[in-house]
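Each chain gets a letter, A, B, C and D, in the order it is written, and its residues are counted from 1.
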């Protein structure tokens, strides 16, 4: 079982109604973790629209969640 | 006989040792006028290196000098 | 995060930060002055300002939200890449967060170089990369009372 | 030169001047502020600064001489052409004349647009045209005591 913190931004946060949560997961990779959380919160966005970051750096969907890490799902950005 | 004022800038002024002069000329066009003044002042620059302006606007070498006009020979520029 | 050596705190310069987030309006004249250098022949800058209209809708104001930790990492990465990829002397960028009114400055990019080709190219590269990769989201409020997060297809 | 109608001096706006020569150092923050407009999404600017070195020679200072009447005509023509050719909102330019020290600002171009493509393209077009056509000449003084007019092949 992996313990991690998940951060939500922009419309993902609006959908989750929280900006962060502690999660315990048996997901093998970050893609599976998103699938879990998408089901829990009813996120409308497909994983293919998102990027994922771990501890303040972009990561790969096939990376395994690390214990104690901070994970963020990044919806399409609109800065600049 | 056409009366005009000729302005000199940058290295042309250094060569002429004046920044303007009143000229009387029978030159048929501005190219011929430059040839006259080049001979008088010993300008090292060939006409092909220069542009010519009349009364604050670029002109053509085949234009005839106009009475009372202000003529400038424009050496290669280096602003910006 | 600051890279100061504990053994010689006075002699070691803090790690250079080229990218910043700002929660308040910031002054581009001061930012420009920080790039002054006798080797500079060309300074190119870009600014994004909040427009009264976006995609045909009248905008009343907007809010930028950032994932600050990742934004800082990405900002430094983008600017370091510009310094490596183009013949420039320096490049800085500041991005606003929080609530902005029409006409306010959202982002500033400043690039110095010996010559203008590299200054222009790097400035364009940086703002394009900021728009593509920076984890910052725009929430727009419209004249009709509607509001939305902008999540353009990438 | 100002196009005021003698019959209604108060109601007629003076002819817009987008290009200026300046015999003294000028402030880009003020010039930028003159371009503020709620329709602007993108502001691109370019500045030329006096470098300590040119073509491998150490420069002590320089002087810009202009044929002012023609420079003003050409400046307005170039900026009007940029406004016609690119999807921009406004474009201004100021060029220094007289004596300049290392680090001083020689030329400033500021362009506003709805979007960045046009702002960058117009800004680049303008500085290129200024360099190609503006009747302004640079006289450089070097560390070795030599000095010369720059007449680069066009």
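Assume a contact is a pair of C-beta atoms (placed from the backbone, for glycine too) under 8 Å apart; a residue touches a chain by one contact, two chains touch by 3 or more.
This is a predicted model, so every value here is computed, not measured.
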item	value
Intersection of the contact lists for chain A and chain C	none
For chain B paired with chain C, centre-to-centre distance based on mean C-alpha positions, whole Å	50
Cα-centroid distance, chain C relative to chain D, in whole angstrom	25
Interchain centroid distance [CA atoms averaged], chain A/chain B, Å	73
Multi-partner residues of chain A (each touching 2 or more other chains)	none
Per-residue overlap in chain D, given as positions that touch at least 2 other chains	48, 127
In contact (per the touch rule at the top): chain pairs	A-C, B-D, C-D
Interface residues, chain B side, partner chain D - complex	7, 9-11, 14, 45, 49, 53, 55-58, 70, 72, 74-80
Touching residues (chain side chain D, partner chain C) in the complex	27-29, 32, 36-53, 102-103, 114, 116, 119-120, 123-124, 127
Footprint of chain A on chain C - complex, ascending	48, 64-67, 69-74, 95, 106-107, 127, 130-139, 149-154
